[in-house]
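Two complexes, one shared chain (chain A), two partners (chain B, chain C).
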Partner chain A sequence: MTAFGKVSLRGNILQRGRSKERSRLLVFNHAVLLLLTAFAVLPLLILFFNSLKTKAEIGANPLGPPNQIIAENYINAWEQGNFATTMRNSVIYVVVTIAAELVLGGLAAYALARKKPPGSDLLMLYFLVASTIPLWMYIVPLYTQFRIWGLVGEVHGLIIIYIAGNAPLTIFLLRSYMIDLPRELEDAARVDGANELQVLTRIVLPLTKPGFLTVGLVVGLGVWNEFTLALTFIYDPSRAPVTTSFFKFTDRFARDWALTSAGAVIIIFPVMVLFLALQRQFIEGLAEGGIKT
Partner chain B sequence: MKRLKICFGMLVLLLALSSVGAQDVTTVSMWFGESEYAQCITEVVNGFNDVNPALQIEIIPQADTWNTTRTAVAGGGGPDVVRSPGPSFVYEMAQQGLILPLDSFADEMGWRDTFVGWALDLGLVDGQLYSLADELETLVMYYNKTLFEANGWTPPDTMDELIALAEEMEAAGIVPFSHGNADWRPTNEWFVGEFMTQIAGPHNVYKALTGQIPWTDESMVEAMETLDMMQQRGWFGGGLDLYFTNTFDTNLSMLGNGEAAMNIEGTWRFNGIPDYFGEAGGNDNDWDWAPVPSKTGDDLFTIGMGNTSSINANTPHPQETATFLTWFFSAETQGAMLSNCGKGPAPIHLPEDAMVGLDSRVSRAYAALSEASADDRYGYTTWTFWPPKSDVYIYEEVERVWTGEITVMDYLEGLNELFAEELAAGDIPPIPSR
Partner chain C sequence: MRSKQQIVPYLLLLPALVLLLVFNLLPTIATLVESTFVISLRSGERVFAGFANFERIFNDPIFWKSLQVTVVFSLVVNPLQIALALGLSILINQRLPGIGIFRSIYLLPVAVSLNVTAIVWRLLLDKNTGMVNGILFQLGIERQPFLHSVDQALWSIILIASWIGVPLWSLFILAGLQNIPPPVLEAAKIDGANAWQSFTRVTLPLLRRVLAFVLVADTVANFLLFAPILLTTQGGPQLSTNLILYETYRRGFLYGDLGASAAMLSVMLLIVFVIVGIELYVLRGSD
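Right, the complex of A and B next:
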């Protein structure tokens, strides 16, 4: 056997060894991933199973597939939960809040990132502190003030609270994006005659698009899932959001888990579709926003 | 001059007429939780609205009613009729001046004749009436009637008979009680209050609630030791571990399919229990109820209130709100809400014909409760008659007894100490004298 042959043989053995090691690692990785997938998917699967059972079967068989499929749970949940109305309302709350948040939050974040007005650091600190105060500490004064202003029970009153409540997160996230953008790009645009608004709309916005998308998704999900403020500030059932539908499946000490499960599937379905469609941008946006702080 | 006077007179008349027209309709609002049959109550209240065009009642379905109500009322808004989950919740609102005293309305509108003797006392805060009790409730022992008949069992009358029957069930592989607290931790207090009343007796509980005897009295020790014995033997839900994980659906399914034989629960369950029996429950079984067995064999019923109604201090229409409450608490209206909506009646003088159309098992329960209340055979539910800190102690700390961390005596000594503090501070809800 030549020296070349020996080297080649040793290379093959080494390669085979590495390949086996790699296969073992792959099996391990896949096992971990499967476990994590099961961790995420199984609760949803159980939720779906329970949405097709009777109350009595949920009690006797809370985890397994249904013995008899009760599809009427979806019809009953839709009607009893008044989902036709509450879903429409939630879409309005979500869309208007996101739109206002992106415009107002985007402008504020740009100003804080680039213009650095006096006291901007103090303002950021204020946002940080204010956003950590629990809702129950200020809900009564907020209610009192809104009642005086005639905003209790009004759709725009609740939207104002949502916009204000989400503003710190929006500004933090967008500012962290904008602050690390190369200034040279903006300077080049200015040299080419762009004014400040053009710099923002033509240079900064396209570069921070994933950030805006992330903010839109985070704020949208928050408003879609919000419950306490909606319950406190909206009385008229025709203006109630989708989360309040869940309370229509409760009695004094318990809830109808069959209808609750069906209602939950109805509520999370549009969110899941949206998230799956935009998940790449969402995850990238969130990761970059976190890194660039 | 005369023409001028006539013109002026006409003008005054027109203004008066127009103002009458403008003030014609007064709207009084009342929030009901979704779970509290809001739709059905609305239909009953429409009967009032139809015959009272000048006073319209607006029933607003409001989820999480109590939390939203207290936020709104504290913020200067809220409904005209303020509903709370029980007399002990009224105390702070009354002290903060958020609700109106009702004594003058009670005299003017005859509420003292409408309600049974002790009922208005429940709404007293510092000697003034602030709330009207609603949704009378008690605990009963539901049982799987088909299973009982198949085994030749009859509902026991005494605690000794109950223990003997439970042993027989245990030997037959049947869980005696389908109990569990996974959905609602205060489920624990149902059993503590019930065993104190049924074993120590309502008179001893009354004495303890009024500070005449300590909670460490031997009658209370016996009650708590009996309850603990049942938990330790796994009679509640099949074992202590299962007790802590069984949900209401699980409990009622066990009862419905015959895996368990009995369940001590409130009269609020009359609405939901049919879902777990017969075709709806996927079995061929039927249910019934019996009074919870007592030490003496007397039929004793603990009394509780699920709700109260008060008048919001912010309302511009207190008189109209009181007028509506008079109608709301009338025998006809309470009877209609019980028969049509399954809402527990207020503690008023309710004639038997007001319960026409009810399932005979349900009407029998309310008739028995009414009889017991008139006959001095009533006891006390912890959530209505115990002060707030003691109430929380009762259902939280009893778990430490069941898990063997503390003894029954430790538990009762702790309760005694806490209760004494609340008694001294005047935080005890009103206890009707007996």
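Right, the complex of A and C next:
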């Protein structure tokens, strides 16, 4: 501890000598940061502005804030875009996929991280290969097969594809969380007479909660934003998620930027709030487990 | 008891293995098989044709053009996104006043879906009403056609993909940066390392595994870019944004030529495997 104290003291003396250079660096840093945030946020801000204008005003004033706020755009978009139904559908796709994925991936990751059965390396390779297969590789045969099984157009059919597609990443991430847990805790529980299931649910799960949160967020974000599979497998508008239904909505109201902008904001807003709220835990979760330096 | 102990791990792995087998791997193999079949013009039946589909696409200038577009796109977009994500992550990881707000805003696009992004940017890049042209106009620069120009469309796609891509990969790099203990960097400073030296000698080596993951994931993701093309240029103008994945879609879904589409996908998968293999080999570590 004292060694670090000395080190940082000497560091400070050095830094004071460079303070002029440092303040110039600070100005440069802030300039880059401002540019960066502008690039990130301006498109969103303009989208938001346009969602509050009339069609005519967007034509005359496509960039600036609205002269008069037209909140009805949101009501119209909500009704015309059938958002009450599609939002509910998207929540179902996301929640069921996350829940199933965490159970399935958690079991597999636990087996790979803790039990290391013979052939583990081969299985890891299998998951690695599977994770690089693009969905276009299997979408046509899968569609043919789904027609035979009567799963085309079914909610659970699409969810199964999501679960399978997200499994490799989930298993990789969860495995790297579990591999770092101290084994002594589990052994102590076993000595105390806990069976395997109790070890898993009472010891391993609570300790890897940040990992599950991070994986859940990654999978959830992916499913909420997924487009191609939903477009291919779900026709019935009453079962469609927001992404594909918004795509059709923008097609239908291609000339009405006010309405489509309001629709876009409706889709972005809930995810953005969730992301902002969980961002810190998310990065920490990644730092703790999934991403090892 | 002992044999039961040995079987438990496989039982835990079974659901994931079966799901992947049935819903990913078997259909993928079916596509590979399909690439060797054609629909006979005479009987309308599916007949085995060996490498006929491959011969057909290898003699097709549109396929080569799409491969060329994909190579150019990948060679620009991947280094660009990773370099920017790395630089900006380091910038955003500093302890500066108000950095938390910058970080949150910078990472915001990650939450937006790729197809909403494409739709928004199509609006922003519009020749007459778009924001970008509005700003250029204010600066006294001529209005640009962007997505409607053979020369600019691919660059516009790169811009759209990077709007999400750069902050997305930053998330992972930021997580990696947070794992570097501050004393390590301070020690480098004491030993007289300047900022560049401590970056190349300390930060980069410690980020190797994160960067390996990001490089592989980014390469695959950009190889598979689809929704932004469908929603903006549809491969045009004059096939200038016709990435190979979009070409397989055009061939298979729009023209109904599943044999050629499957052949292209097989070639594509081989390319992805080779690239990922090379990347993993180059970035392999001692562990």
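Some points to look at:
In the analysis below, the second predicted complex is superposed on the first by the 228 of 293 C-alpha atoms of A that agree within 3 Å, B and C clash if a C-alpha of one lies under 4 Å from a C-alpha of the other, contacts with A are read in each partner's own complex, and residues count from 1 in each chain.
Keep in mind that, in the parts below, contacts are C-beta pairs under 8 Å (C-beta built on N, C-alpha and C of every residue); 3 or more make two chains touch, one makes a residue touch a chain.
Here the structure is a predicted model, which means the values were calculated and not measured.
Once chain A of one complex is fitted onto chain A of the other, the partner contacts of A:L205 are absent, as it touches neither chain B nor chain C.
When the two structures are aligned on the shared chain, A:T37 is found in touch with chain C, with no touch to chain B. Using the contact criterion defined above for the overlaid structures, shared-chain residue A:T260 touches chain C, although it does not reach chain B.
By the touch criterion defined above, A:K115 reaches chain C but does not reach chain B. Touch criterion met: A:R252 reaches chain B, while chain C stays clear of it.
Of the two partner chains placed around the shared chain by superposition, chain C is the only one that A:L107 touches, whereas chain B remains out of contact.
Looking at the shared chain after the overlay, A:G59 reaches both chain B and chain C. Looking at the superposition, the partner that touches the larger set of chain A residues, chain B or chain C, turns out to be C.
When the shared chain is aligned, no partner comes close enough to touch A:A189: not chain B, not chain C. With both structures placed on the common chain, the touch criterion links A:V140 to chain B and to chain C. Overlap of the chain B and chain C interfaces on chain A: residues 58-59, 62, 139-141, 246-247, 250, 257. Interface residues of chain B, counted against chain A in their complex, comprise 31, 33-36, 60-64, 67-68, 71-72, 74-77, 183-184, 187, 247-254, 256-257, 266, 268, 271-272, 275-276, 280-282, 306.
On chain C, the positions that touch chain A within their shared complex are 6, 8-10, 12-13, 15-17, 19-20, 22-28, 30-31, 34, 88, 91-92, 94, 96, 99, 102-116, 119-121, 123-124, 129-131, 134, 163, 167, 171-172, 174-176, 178-180, 183, 186-187, 189-190, 206-210, 213, 216, 220, 223-224, 226-227, 231, 245, 248-249, 252, 258, 261-262, 265, 268-269, 272-273, 276. By the touch criterion given at the top, residues 54-60, 62, 67-68, 139-141, 143-144, 147-148, 152, 231-232, 235-237, 244, 246-248, 250-254, 257 of chain A touch chain B in their complex.
Every residue of chain A that touches chain C in the complex is listed here, in rising order: 4, 7-8, 10-11, 14, 26, 29-30, 32-33, 36-37, 39-44, 46-47, 50, 58-59, 62-63, 104-105, 107-108, 110-112, 115-117, 123, 126-127, 129-130, 132-142, 145, 160-161, 163-165, 167-168, 171, 196, 221, 224-225, 227-228, 243, 246-247, 250, 257, 260, 264, 267-268, 271-272, 274-276, 279, 282-284, 286-287, 290-293.
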